[in-house]
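Scroll down for the structure; my scribbles are underneath it.
Chain IDs A, B, C and D follow the sequence of writing; residue 1 opens each chain.
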Amino acid sequence: MSLIPDKPPFKLLDILYKKEFILFVVLVSILIINSNISPYFLDLYNLIDSTFLFSEKAIIALTMTFVIIARQIDLSVASIIAVSSVVLGYTTSLGYDTWLVLLLTLLSGTLCGAFNGAIITKFAIPSIIVTIGTMSLFRGLAYSFLEDSYYNKFPKLVGKLGGGYLYGYIPYAFLTFILLAFVFAFILHKTSIGKKIYSIGNNPDAALYTGIAVDKYTFVLFTLNGLFSAIAAIFLSGRLSSVRPNIAFGWELEIITMVVLGGVYIYGGSGSILGVVISIFILGMLSFGLGLLNVPGVGIIIFTGLLLILSIGFPSFVRTLRRKNE
Amino acid sequence: MKKILLNRDFILFSIILIILIAVGFANPLFITPKSISDVLTDTSILIILALSQMIVILIRAIDLSVASNLALSGMLISLLSTVHPELPVYYFIALSCVIGTILGVLNGISIAILKVPFIVTTLGTLSIYRGLIYFVSDGKQVYSNEFSEDFLALIHFKFLSLSFLFWLAVVVFILIYVLLNHTRFGRNLYSLGGNPDAAKYIGVNENKYIIMAYSLSGFFAGLCGYLWVARYSVASTQIAIGFELTVISACVVGGISVMGGVGTVLGCVLGALLIGLIRNALPAVDISQFWQLAISGGIILLAIIINTKTEQRKEKTIMVEN
Amino acid sequence: MRIALVVKGLGIGFFEAAAEGGEEAAKEIGGVEVIYTGPATTTAEAQIEVINSLIAQKVDAIAISANDRDALASIGKKAMDRGITVISWDSGIAEEGRIMNLDPSNTALIGSSNIKWMKNSMGDEGEFAILSATSQATNQNAWIEEMKKEHAKPEYSKMKWVDTVYGDDLFDKSYQEALGLFKKHPNLKGIIAPTSVGIVAAAKAVEDQGLVGKVFVTGLGLPSEMKAHVKSGAAIQFGIWNPIDLGYSAVYLSHQIASGAYTGQEGECIPTGRMGEICIGAGNNAAMADPFIFDASNIDKFAEIF
Amino acid sequence: MKLELKNISKNFHGVKALQNVDFQLQENSIHALLGENGAGKSTLVKILCGVYQPDSGIINLNNKQQSIPDPSASLSLGISAIHQESVMFDELSVTENVFIGNHITKSNGLVDWGLMQDKTNQLLKDLEANIEPNEKIKDLSIAQRHIVQISRSLIHDADIVIMDEPTASLSQKEINELYTIIRNLKKQNKSIIFISHKLDEVIEVCDEFTVLRDGELIKSDSIQNTNKDQLITYMAGREVNQIFPKNNVTIENEIFEVRNLFKKTQFKDINFNLRKKEILGFYGLVGSGRTEIMKSIFGITKLDEGEILFKDQKILIRKPSDAIDQGIVYLSEERQQLGMTGLMSVKDNINMAVMDRNSNFYVMNTLKEIKNSSAMQEKLNIKVSYWSQLTQSLSGGNQQKTVIAKWLSTKPEVLILDEPTKGIDVRSKSAVHEFMGELVEEGMSIMMISSELPEILGMCDRVVVMYKGLIKDILNVKETSSEQIVKLASGES
């Protein structure tokens, strides 16, 4: 039997070209700069509290990573949060039992996701178009149901999940995100499910011809994205203790930014959970650091935009230059 | 005959007609000439932006930054007009177009030279351009009383009782129609979008075309920057926020395929008209404002599904039935 | 002492004027630094993010005009737990999330005044509609409730309230909504816009559609922004309180409470510099002053100020 | 001398596609450019067309040194090409495809649609092609598309016409028509560069030949001075014998059968059976519906009517995994688009259809994957440096082997091969044929779609001949002739 190695010989230099490594360097630099600029940055309480600001988005970013690796995109997640939050508030107002309330909330998100998945697979329409439509549709449903009213009463458990800490230190939302990140990393990188998702993202036609149920996977991924939007909705509603139809407005782009900055190729087929997790921390720490300097929100927006373009543009620019020199 | 019935533009036109008639029944005032002319005026900016977005979508890309570009160009000329109200309006229009073009070129360079995928690039500049408005204006708005009269007057000019905006949209329609159908540049855009690999063999320089398409998109965003500011006589960080999605919806409803290389200029205009019509008609009939978002989302989705279905029905035949 | 003045969103004329007032108060008191800040979009989530970083900076007091009374309650509570003085102004936070709330004016009075101005502008007969900010805005909704009560009185029986629409405090959206109102209600005679963005948009729409003299706009607006529209005749009469005074009072109150001189509890009367004393009523609510009315006679003068 | 290339070299990030190649094209001659997959033929063509720039070397045209910076420069120098890759634009009209990249413009700079329309019309009439200039390319048949491609080079009145594997996906009849056109071109004093892996036709139509191997020039001479075996030796660098290894296995009883398959507008009355250890050929013109039938058997598309029997049991195949579970697999003719995922590793591709078997409750077992890959590599002799190498970076022949390995990993009983040797060189081709023989010996049954008659006659036991979605006849290969098959396939009897 011929002995073909699995990988080319390991070279230390290769690590430098890994996206995750570059992201990691960026994260460390941000941490160092932040702690030098603001005396308030390196404060355990502050750092823990800052996780509240990104944990809900981060949870959706995990499933969104799957969706984008499978060469799809979902612009309707924030609108699904609105729908699920409304269901959460409404079922609470009906006096349902806490568990039933949670179940129905999760169900509503799942159904929205399944609706996306069904239209995308049944009619073979690109997901970017379908979810532009359902983005208005879902949020519109939330508006038409709530009109000018709102909900501000939720089960105790929801409030605790959204704003509470485990052992007084670890926010539940953050904890959930970290645990899920491990689960998702395992699924994506170690199981046949993950490998099939990569195949679908790389070449959906070839995947279909290889017996992979492309439509089924696509459908399930969108459904899952809906489910996770509902989970995020529970944390967010609990944290805000208020549901209004404009909840989580504009989050879809922030979530996609998290994923793309994490090195997930927007046309599918490549990317890792580790990269996305690092990118979530980069964005979280960046906006927290700038917030400490009272740079207005728009400033943070500009930084994020630049970071997004440069993180992808710079390496490819260097690559082109090197190729020219060859 | 069957061909006509399956023609996308025709289907779209019929949908528009049906909605117009239905709304007319519910509220006869909606279909008076005055009201229709208002709808056309109101849709003009959308038409112009949809047409320029079409150029980008034709080459398999999307420009998510148009609304931010529009708002930034609009803000810059507004600020200038508060300092130099004596400058003629043409000066501001030209300047707005130039600024828009520059912002568009930056998109193009990032995509073509830096090889940052278009979604990432324009998602980034969507934020950057929007954020820059805050910095150039220091967070202040420019209100109607701060503009010179000349600055605002042009927009109220009317011809045949149709507004300046409408006629401008007509001019842009003709320009882009000629550009896409009767120039080498336009035809090469179609070939590049239809089959990018093959386009290389016929000498289409992909990078050049990407940059050109984005500069055109930027140019018209800049133009609309002036139009928007003058029409509403306000410039602020918030203007036209989220409008990029309306523009893209108009293109998609109009049958411009996001897979590139497919779509007609007429279809694009009809798509914009349909969306403009819905936006204007829903408030006019007695539908609660709270339902409008859901209904327009539903109609967009439906139009897309109908569009795709008619396209997919045309299957090729192998067997000759005998 | 560092006092943060947190507004609903940056770039709104009303709040820029309030910030001016805040600076004025700081100068008067001395040794006070005002941090004027707010989110880019008028959402509760973004505002929470801003407040979170203020807490982390351990500022001494935070004065908030809230995008959502409930959503900001828990972050307000957290700030108080960390020893920060939290008050709300202009648009309040739910009671448990702040020490006290400063309304610009008595809520009932604002509601009834708006209806009165409408009557004075359009006459006592005909259709009118409301063009509000977001459908969720706490203060606008409270005012609209009060307007309903006032409108129920017999002297308004011939004034027909036909519609309520929302322009989300975005100028272009408000303008669109105003156009929609004209189409849907061809006999419309008046629009009440209890928001400084909406009132200008509505007035502009009236002018652009050539409806001056047929449709009258009133509500709450800044004289500087409304001057042209009063001149054109689109608006006869409208009102507002002085945003400079409001920002001034908010910073002043924050300082008084944060320095420990006052508690901000019901029954207290707190001296606030040139504004005199502000007395705190039930639910730790206080009102600043009555709305001031503007029309052709005084608009020029006040347009210079705010 | 019409065209002379001297010392042309071209590197792609370290891959030496061409090394100091000389090439001479005489006036009024048909010149065959030969070589195995990856020898550098297409690269040479693309340099002539201005798609690539050579790293070094000189191009002389009509004894004058020229540079060809871009495709339009190439056109204006009178060079026109039909590329190996399709350079067609499906959504655009025939007229436009003919003039693409070189639209005629009026004096005002606008495109002159009328004139282009007229010229196209005239040209299509000259070629006796029944094609409407206004039709969209996507509505044309494969053969018609070729005519449009040829029209494109004729319209520019080019002196040099390059055809890179124009016959790869044409049927015999269409190939013959193409030869007529080529010979006509020669009569009009044009020079032609002709690239093909079908050596018989090369010897038939060409005047001269040049053989490249691994980017180097091996031999250039007149066709009269050589023969097929010698050409193969030049190309492969060694002798390759036994192009069609006959398999002398005993065919056993029936294993697979279809009855009355029908799909609207695609095919109807499809009945045939397959026996164990048999190779059943499918012959027909391109677009005669062979692929469509296999796609519906494999569960890619839905059948309207008909039943499928496997080992005398009626089976229901609704999706490809149903077929794979039964032991029926389909190797698509479109290797790159439908066969493999180029940006994933060779190992992943080989194991793609057996992921479930290589995992324990969804968790991948890398050891099992490598084991299977090694076994396949040994069996098929795939040239790969390490398992995580991207499949894209393999040569065409090795890519095809990887795809075959993917299917063999599933241990299928019925193997459907759709044009398994299309576009691969003689050596790889014979490897595939040899391998088919081995598989049958091991007990597998094969259905093979092919548009090459020699391949059908050499490899198959029986052949199903198709014409426009109908089965014309099923013939025993030993008792038929190529004339009869061609006649049936063109609907003449």
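The criterion applied here is as follows: contacts are C-beta pairs under 8 Å (C-beta built on N, C-alpha and C of every residue); 3 or more make two chains touch, one makes a residue touch a chain.
In this text the structure is predicted, and so the values were computed from the model without any measurement.
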Chain pair with the most contact pairs? A-B
Centre distance in Å when subunit C and subunit D are each reduced to the mean of their C-alpha atoms: 73
Rounded to the nearest Å, the gap separating the Cα centres of subunit B and subunit D is 43
Mean-CA-position distance for subunit B and subunit A (Å): 30
In subunit B, what residues contact two or more other chains? 131, 134, 139, 237, 290
If I count partner chains per residue in subunit A, which residues reach a count of at least 2? 143, 147-148, 296, 298, 301
Multi-chain contacts in subunit C: which residues touch at least two other chains? 10, 40-41, 135, 166
What is the complete set of touching chain pairs? A-B, A-C, A-D, B-C, B-D
Using the touch definition from the top, list the residues of subunit C that touch subunit A in their complex. 10, 35, 37-41, 43-46, 48-50, 52-53, 55-58, 68-71, 73-74, 78, 94, 134-136, 141, 164, 166
Could you please specify the touching residues of subunit B with respect to subunit A in the complex? 62, 110, 113-117, 119-121, 123-128, 130-135, 139, 237, 245, 248-249, 252, 258-259, 288, 290-298, 300-301, 304-305, 308-309, 312
The answer for subunit C against subunit B in the complex is residues 9-13, 16, 40-41, 135, 165-166, 170-172, 175-177, 179-181, 183-184, 186, 200-201, 204, 208-209, 224-225, 227-229
Where on subunit A is subunit D touching in the complex? 1-2, 4-8, 190-193, 195-196, 198-199, 202-203, 205-213, 269-270, 323, 326
In their shared complex, at which residues does subunit A touch subunit B? 73, 119, 123-126, 128-130, 132-141, 143-144, 146-148, 253, 256-257, 260, 265-267, 296, 298-299, 301-302, 304-306, 308-309, 312-314, 316-317, 320
